[in-house]
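Each of the two complexes below includes chain A, the first together with chain B, the second together with chain C.
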Partner chain A sequence: MLGTLGRYFNLFFITLFILVGLSFVLAFFFPGDPVFNLTGMSLEELPTSAYTKALADERWFVAFWYYVQSLLDGSWGISTITGLDLFAEISTLLPATIELTAYATIVALLVGIPLGFWCGLKHHRKTDYAFMSISMLMSSFPIFWLSLLLILVVSLQLGWLPMSGRLSLLYDIPHYSGFILLDIYVSDHPYRQEALMDALRHMILPTLSVAFLATAVFLRTTRRAVVDVLEQDYIAAAQTRGIPFWKIFLRHIMRNALLAVLPLLAVQVSTLVTNVMIVETITEWPGIGDWLIQAIYERDYSAIRIGMLVVSTVVVFVTLLIECLSKLFDPTQEQFS
Partner chain B sequence: MRNLRFAFILSVIAMFGCTEPKTATSIQSGIIYCSESSPSSFNPQLDTSSTTVDASAHQLYDRLLEIDPATGKPIPGLASSWRVSRDGLTYSFQLRPNITFHTTDYFVPTRTLNVDDVIFSFKRWTDPNHPYHSVNGGRYPYFDSLNLRENIIQIAEVNHLRFTIRLKQPDASFITHLATDFSVILSAEYADTLLQLGEPERIDHFPVGTGPYKLAYYRKNQYIRYTPHPLYWNERAHDGPLIFDITPQSSLRLAKLMTGECDSIAYPSQAEITYVEGRDDIALEQATGLNVGFWAFNTSKAPFDNALVREALASAIDKTTIIDAVYFDSATRSRSLIPPTSWAFSVDTPETEYNPVRARELLAQAGYRNGFSMTLWALPVVRSYNPDALRMAELIRGYLAEVGIAVEIVTSEWDSFRAGLDRGEHDSVLIGWSADNGDPDNFYRPLLSCDGIQSGTNRAMFCNAQYDTIIQQALLTTNIEQRKALYFQANLLIAEQIPLIPIAHANRYKVFRNHLRGVVINPYGGMRFGEMYKAASEGAQ
Partner chain C sequence: MANKLYNDEQYPSPWGATWREFKQSHIALTGFIILNVFILLGILGPLMTPYEPYAQNFQSILLSPSWENNGTIAHVLGTDAVGRDMLSRILYGIQVTFGASVLLVLGAMVIGVTLGTLAGMNKGVRSSVLNHILDVLMAIPTLLIAIIIVAILGVGLSNAMLAIGLALIPRFVHATRDVVRTEMNKNYIATARLDGASHWHIFYFNILPNLIEHIIVQATLALSIAILDISALGFLNLGAQTLLPELGVMVREGLSTAYIAPWNVLFPGMCIFLLVLSVNIVGDSLRSAIRNRLTH
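Moving on to the complex of A and B:
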């Protein structure tokens, strides 16, 4: 187990190092002055330090070393357009993105996996075919279109739910963790209850948009895994021994199917994050996706650089974490790696 | 176990039991306005763009006088009364007592409004040696374009609530300038504090005023939050917060209005008006605007310094088609700078007619038989005077191609667009002007006088001594007929020189949720949220 942990730890750090290196090199590929792209300021505006000295002398390897240090210190530079501190910006934006991703994942898991089990157990029957067709349709939906469609119908036509943001701006909830539900919960705002309901109402559309595709993928993945397990000899053996089916299901099918599902989820992480970023842009969810696309639109290179680094770090971290967990839970995989 | 379950159910009921909407609570009486862009600062002295004016002038500040939207006449503001001397040179004002400035996170005032604040607010732009004059750019576009500074000799304190302003020569429009959006009164005490701290530039970004709201939080490109000023001297229609939700996309603003996420929106586009017309939850009001959309030539650059070329360009385009395609039915064709509603308007002003054959002849006369290529800068934002400059630019490109002129359309982000115009990089530009007061001088002077070049309102870079003399004379008299005759002369000069082609005067629209009351289309300037409130029946969403 320690070996596995160690291996993933190494893998994470090596990947991270490459990503940091890439983000440093990007500053040279972007148009304009690399120093400006790295810090958001020109050399004259920067306070003198060993880092700025290395940049001024164009000793790039030394500069890279200080760049890594500055990333660790949390001095990520400023945005070239708004002049705001990037670390502070991202620490308010990232929780919003994580929040939306988490809600969507929870919804997708709660719906997709039980349905997947059900379809798997009833495979090659009518319900199975029905769900398979539906999920096929769901997973081939372009997410930006789905999101717009939901807004059009639910918000504009029916007027049931708000279409943008994550809380009505009337509620002035102080920033504490960046996770809106938690922030509302810990705040002593006189309209806490209303704010909470309002936040939940804002959450529904973006969560559904993201969860839509993920649910279909989870459903199909789980169904496949269940069908595979059902074909195993030990299931047939257990059945011949007269063990009741619910016992077989709990002991063998569920555990083995879930173990097979877990590594497949890791593959989905990057798709999920991409979808969240698209939905953020459409629904003005104040997360890093909306912000990053705005930065790309305004050619805010110093923001693009750090935004891409942060997003890819999160994706790599979560992917490796899930893979690592699935290895730890399922020792049989150890042999293959 | 049963008890536990019972307790759980009780707690669930307790959680949801009190979520019934409270009616007309102060937070729900707050107003959300979907604005179009981020303001450049919170001081309208520094910027004539309506984005900055809407976000600051009537929300954060007050003026000495206001303009009555119904009559166009000045009415008391911070000054409770005023008197003009017989020779028209000395104005004396009496300030209201006990007017408080905002108490904010960054400043706590210790005294109420007095003459020092007024003197500071004026000295900032009139006195080039004032410590605040060059803070945050040192340009005061409205005052500079009118050259008001030259005409003010002295501002003198009589006692702490009474002061006089002495002018060099009579100015019939002086009193209306004091009531415009730009003549706001800042806090001198706050300015002194900032100067001591060595951070004078904060004055325009962390504002302190006497207006109905104070600034609570501003996040660029996201939103502005204002909270009510509890000690506001005048009446404020509601005591909820005011939010500017910055939404640059026009269609998105409309969508937010339809879902009720905004109570009112900025600049609905023409095509969008039709969507809201039939809805009973959205109200629409329109009025003829004091504005003009025009096509200005950079007369400081060849070949546009040649009046023949400008006339050729004017004859090459068909204004009627352009107006139909861009404004639909919501604008009046312009003959001159001022709209037909102004008293100085004259129907006899000559207009260049659409005649491509003549345009080619004129070009040949000017020595451009084979045409030339030019840039056409198209305003990147929606303004009432030009709801779709890009489309207009494309149409003009088509017309000019027919007379052998190649047009490159230039557009960029609003701030850098205006910076480029200030540097005179354009050959020609599609832009416009919304007047700040009802006086015709507010059109003629900023748009085409020599002083307007420096202050960045004269986009034609036009400087003509004769023109300047005419509009100067028009201010020296209060006789309406005389002034009208002088402005007619100015019209003739513009028609002959064609530094710009006036295109249309657009109607002004306001669309808002119909529970919003107190919305007045004020032809003389920006939005006033202090006068609006939500009807109680729909107070909760």
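Moving on to the complex of A and C:
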């Protein structure tokens, strides 16, 4: 177990190092001055430090060393367009994205996995075919179109839900953690209850758009895993011993199927994040995806560099975490290659 | 079926057997037909459009589809905010979106299968380094890769294709490597090797026939991802540019008039949806047809 943990720890750090290196190298590939792309400032504006000196002398390897240090210190440079500190900006944006991703994933897991079990147990019957066809339809939706349709129908036509943003401007909630529900909960706003309801109403549309596609994938993945487990010999052996079905289900089917589902979820993380980023731009959710896409419209290379580093670090971290967990739960899996 | 086996005039080839399983399902056949219609439209579409896709007609701006009261039969699916015919633009859009997706999947497939075969047939450091890099590349969201490529090279359909192709290569490498590795451990490869077959010979005559249907299944998966991503990048203004009739771009353009002319958002999106759906149905049915063939 320690070996597995150590290997994944190692892998994460190597990957992180590659990503940091990549973000440094990208500053040279982006149009414009590398120093400007790295810090958001020109050489003259930079405060005098060893880092500035290394940049000025073009000793890039030394500069890279100081770059890593500055990343660890939290001085990530400033945006070339707005001049805002990137570390402060990302620490307000990232929680919003994580929040949306988390809620969508929870909804998708809560709907997709039980339905997947249901379909797997009833496989090759009418319910199974119905749900498989529905999930096929669901997974074919282009995410941006789905999100637009929901906004057009639910917000504009029916007027049930707000169409964009995260919270009505009426409520001035102080920034505490960046997670809106938590922030409202700890704030002492006089209309806390109403603010909470408003935040939830804003959350429904983006969460549903992302969860819609993820549910379909989770459903199919779980169903496949259950069907595969049902074909195993130990299920037949348990049945011949006369063990009641619910016991077989709890002891053998559920455990083994969930083990097979876990590594497949790791593959879905990057798709999920792409979908969240697209939905953020459509619903104007103030997350890192919306911000990154704005940054590319405005050619804000300093922001793109750091945004790319942060998003990919989070995604790689979550992916490796899920893979590591599934390896810890089930050490018989094929060795990480 | 089993008792007829010895009386059969001829045994079906693996492909024949797969087709036999495939056509059992009505849904699979429907999807297959729809996909073929899309392929035909993609190739022949520009020959049958009633209007030029760029032709603006200020006499007929934002016309409704023909089945509504104020629509005309001259513009079957209505017109957009500058009077361009929706049907013509969609027919061209299928060619652009679908064609670009097919091309990029083919490119990613060739590179991915080559790398995957190298990784599967060579053991040791080389394949391990390759695997690490690929796993990292696979974990990074496509949109992020696209943003980086667009930041370096600028916007455009070909840059979007490059970005999505890069993101798809690892899938092919993974699939190929796994199949090649399991096949390499089997006895018939050892036999071929004892007979003195070269690496190339083993790959071409022994592994490739077993590999090809896995690759095709993988390619259908990749194709649906490619269509979704190309149109998403077009929609976000990071891929194809405004003048090109790409389906995602058309959705974005329709957005400005979405409230008075919802069909400008509805039809291009519906077209992407049907395209992806037919690819998904064919891919999924192909996978279960192959699985059934192998278990029977």
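Definition applied: the second predicted complex is superposed on the first by the 333 of 337 C-alpha atoms of A that agree within 3 Å, B and C clash if a C-alpha of one lies under 4 Å from a C-alpha of the other, contacts with A are read in each partner's own complex, and residues count from 1 in each chain.
Following the convention adopted for this analysis, a contact is a pair of C-beta atoms (placed from the backbone, for glycine too) under 8 Å apart; a residue touches a chain by one contact, two chains touch by 3 or more.
Predicted, not measured: the structure shown is a model, and the values here were computed from it.
J.: Label the relationship between chain B and chain C on chain A in the superposed model as either fit or clash.
T.: Aligned on chain A, chain C fits beside chain B.
J.: Is A:L156 in contact with chain B, with chain C, with both, or with neither (first, second, both, neither)?
T.: Both partners, chain B and chain C.
J.: Per the contact definition in the header, classify A:S312: touching chain B only (first), chain C only (second), both, or neither.
T.: So A:S312 only meets chain C here.
J.: In the overlaid three-chain picture, which partner chain does A:I304 touch, first (chain B) or second (chain C), both, or neither?
T.: second
J.: Counting only touches as set out at the top, which of chain B and chain C does A:T15 meet: first, second, both, neither?
T.: second
J.: Just to be sure I read the superposition right, which of the two partners does A:V25 touch: chain B = first, chain C = second, or both, or neither?
T.: After superposing on A, A:V25 lies clear of both chain B and chain C.
J.: Does the superposition put A:M197 against chain B (first), chain C (second), both, or neither?
T.: In the superposition, A:M197 contacts chain B only.
J.: Mind telling me which of the two, chain B or chain C, contacts the most residues of chain A?
T.: Comparing chain B with chain C, the partner touching more chain A residues is C.
J.: Examine A:A88 and indicate which partner it touches, taking first as chain B and second as chain C; both and neither are also allowed.
T.: Neither chain B nor chain C is touched by A:A88.
J.: Answer with first, second, both or neither: which of chain B and chain C does A:A237 touch in the superposed model?
T.: neither
J.: Does chain B (first) or chain C (second) touch A:I143, or do both, or does neither?
T.: second
J.: Shortest C-alpha to C-alpha distance from chain B to chain C once the two structures are superposed, in angstrom?
T.: 5
J.: Mind sorting out which residues of chain A both chain B and chain C touch, each in its own complex?
T.: 156
J.: Touching residues of chain C toward chain A in the complex: what are they?
T.: 27, 128, 131-133, 136, 138-144, 147-148, 150-152, 224, 228-229, 231-232, 235-238, 248, 251, 255, 258-259, 262, 265, 269, 272-273, 276-277, 280-281, 284
J.: Quick check: in the complex, which residue numbers of chain B touch chain A?
T.: 18-19, 21-22, 25, 27-28, 30, 32, 216-217, 220-223, 225, 240-241, 243, 245, 247, 252, 255-256, 258-261, 413, 541
J.: So in the complex, the part of chain A that touches chain C is made up of which residues?
T.: These residues of chain A touch chain C: 11, 14-15, 18-19, 26, 29-31, 133, 136-137, 139-145, 148-149, 152, 156, 267, 269-271, 273-274, 277-278, 281, 289, 292-293, 296-297, 299, 301, 304, 308, 311-312, 315-316, 319-320, 337.
J.: Which of the residues in chain A end up touching chain B in this complex?
T.: Of all residues in chain A, those touching chain B are 82, 84, 151, 155-156, 159, 161-165, 168-172, 190-191, 193-194, 197, 284, 286, 294, 298.
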